[in-house]
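Each of the two complexes below includes chain A, the first together with chain B, the second together with chain C.
This part shows the complex of A and B:
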């Protein structure tokens, strides 16, 4: 076991880690936007929109995310949409994270009793005021644990982007391994980096959750 | 003109007739208590009065304005008609003060600087000024219900509806809520209550309405209704709740 030959690749490893974090955060942000919009659409009255959203969820939750990335990277160019590797992976992972987020956010919204919405309406609040001030905070609290664990899965899932040669951590690891033939050392290091990132996010989310959701739980 | 005019209101849930031609007037400052067995349509009638349910036929007017779910100024209307529910329905993610001031602030009734004084004022009226900074979950059921009443009072409603507000409370907590309602009655608030508290109905109400099979079966002052019920249905109901 010898880690020394890897030292000269430290900059690549740091860059790969940054790309992994960027990919995760971008996909999570867009995924959450898709998730919120999709959840609102699922609860809406327009039937075709509900079917569309339902179809999207089922499609992305029942196919391998690697194939989703391949389709965005290799197939969309035939329809005139050519994206670089990072952007293609970001789009595919956003759609993947969005499909899971819709269900998580929808169940968060559903967990708020209808009587709370009625109470808001009875005080003369508008639909949006009820949504933002009454429905959303407890729904976010209920959805938060599932969203954060899905986020960690997304972080780990970004390694799939290596297959379209996006310069994220796993792709960098493959490159270093091919140069040094130090498989054990390379994968031990990136395993530790993924583990450290995942644990750091878990701790961060726990702190943010404790600060954001301070009200006592319903008995 | 009566404050609330209900004319021949019908309402079905699926195939079940819940309201079957209800007519009722409530004058300004009057306290009307609706009693009846469960399923007689009491709560549905209350929910129709502030358009939480739409009526299938008939009309409801409040302050001369016809009530229905698509009325153009539904939000303004609901600010004038407060409703208190059996399950309190406080917003558990907001402290007591914010529960009370949320709607007055969002609807533009008050400015930011007026919020805390308003919360203190209405909380004082329900005897809970010291709980202004508490979370709802830190309060007893009776206290939560009093905060729910205070939340309605903060909108300065012209009419208050109470839907079995003491039914979910432990017996020893019922009294504190009834006391608050009695005080409101003395101050001249127009109130329509659905309740199982017959003692309260007898002592505070100007008029008792007995509902049966989705209709107003019998109505009159408590002294008459409780002492000399005219219909066997009311007589048997009174006997059953004694």
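This part shows the complex of A and C:
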């Protein structure tokens, strides 16, 4: 066991970590946008849109993320849409994360009892006021744990982007391994870096959650 | 170059058996280990609790792909022995399954009220008997839906074994795609086979959830 030869590649490791974080944040942002739009559509009155959203959720939740990345990267070019590796992975991961977010956000919205909304309406609040002051805060609090754990799974899932040669952390690992032949050390370090990122996010989310959602107990 | 024929479809479908083999191996070794981790988490011995909690955190904090590469490429170099692909893959999936099932089952065990243990103790049952006859069955009921839900994750996760060259469904897809130059059709078929495998599990998990929740 000798980790010293890997020290030369620290810049690549840092670059790879940054790309991994970029990919995670981009996919999370677009995924949450999809999630919000999808949850609203699911609660809407238009039947065909509801079916469409349900179909999207089932399709993306019941097929492997790896195959989705392959389809975006290898299949879309035959329709004239050729995306570079990073963009293709970002699109596929956003769609994957979006499918999970819809359900999470929908169940967050559903967790608020209907009587509370009616109580707000009785007090003469407008639709927006009911949404922002009554529906949104408890819905966010209820959806928060699921969103954050899904975010950590997304962070780990970005490693699949290495399979279409996006230069994220796992791809860097393959590069360093091919130069040094030190598979054990390389993958031990890579796993440690992912673990450090996952733990940091978990701690960060726990702290943010404790600060942002302490309101029901204070009074 | 040749076209995508019925033979290709059959070869994809038959590659599904390796996916099933991986799932069975992962569950066969991972479930007992997961049960160990879950009971470790609620043990009265603090070190046992810490060790199981740390094991779950570490494995859940590392990508499945990282586990696979570590055990397939890393471990043989470290140990200086040849490890067959199936063994390396089985170790990685076993740990992955154990960590996630351990966490799910711990949740189930903790959801059973403490008074149930105490009631068992009052009847003179040993700690093991309390677990076996009182808390365990209730926890099993509670954790069945998420366990089936995890099964879907596991089936999808076996697609990663393709990356280290293990010929299961996803790998067979790559082979057929390369031979026929028809990625669209091939990957659509591969995705459809995964979908047809996972959707029943998803629906089962959902119906269990609805049923068990309603009876509470």
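Everything below uses one rule, namely that the second predicted complex is superposed on the first by the 216 of 219 C-alpha atoms of A that agree within 3 Å, B and C clash if a C-alpha of one lies under 4 Å from a C-alpha of the other, contacts with A are read in each partner's own complex, and residues count from 1 in each chain.
In this section, a residue touches a chain if its C-beta (ideal position, glycine included) is under 8 Å from a C-beta of that chain, and two chains touch if they have at least 3 such contacts.
In this text, all values refer to a predicted model and were calculated from it rather than measured experimentally.
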{"item": "Between chain B and chain C, more extensive residue contact with chain A", "value": "C"}
{"item": "Partner chain(s) touched by A:75 [first = chain B, second = chain C, both, neither]", "value": "second"}
{"item": "First, second, both or neither for A:215, with chain B first and chain C second", "value": "first"}
{"item": "Partner chain(s) touched by A:141 [first = chain B, second = chain C, both, neither]", "value": "first"}
{"item": "Partner chain in contact with A:129 - chain B first, chain C second, else both or neither", "value": "first"}
{"item": "First, second, both or neither for A:37, with chain B first and chain C second", "value": "neither"}
{"item": "First, second, both or neither for A:163, with chain B first and chain C second", "value": "second"}
{"item": "Touched partner set for A:118, first chain B, second chain C, both or neither", "value": "first"}
{"item": "Chain B/chain C common contact set on chain A", "value": "none"}
{"item": "Residues of chain A defined as touching chain B within the complex", "value": "115-116, 118-126, 129, 133-134, 137-138, 141, 213, 215-219"}
{"item": "Chain C residues touching chain A - in the complex, by the definition given at the top", "value": "57-58, 60-67, 69-70, 73-75, 77-78, 152, 156-157, 159-160, 162-163, 170, 173-174, 177, 183-184, 187-188, 190-191, 194-195, 198-199, 202"}
{"item": "Chain C partner contacts - residues on chain A that touch it in the complex", "value": "1, 58-59, 61-68, 70-71, 74-75, 78, 152, 156-157, 159-160, 162-163, 170, 173, 177, 182-188, 190-191, 194-195, 198-199, 202"}
{"item": "In the complex with chain A, residue positions of chain B that touch it", "value": "50, 52, 75-79, 82-83, 85, 87, 89-95, 102-103, 106-107, 135, 137-138, 151-152, 155"}
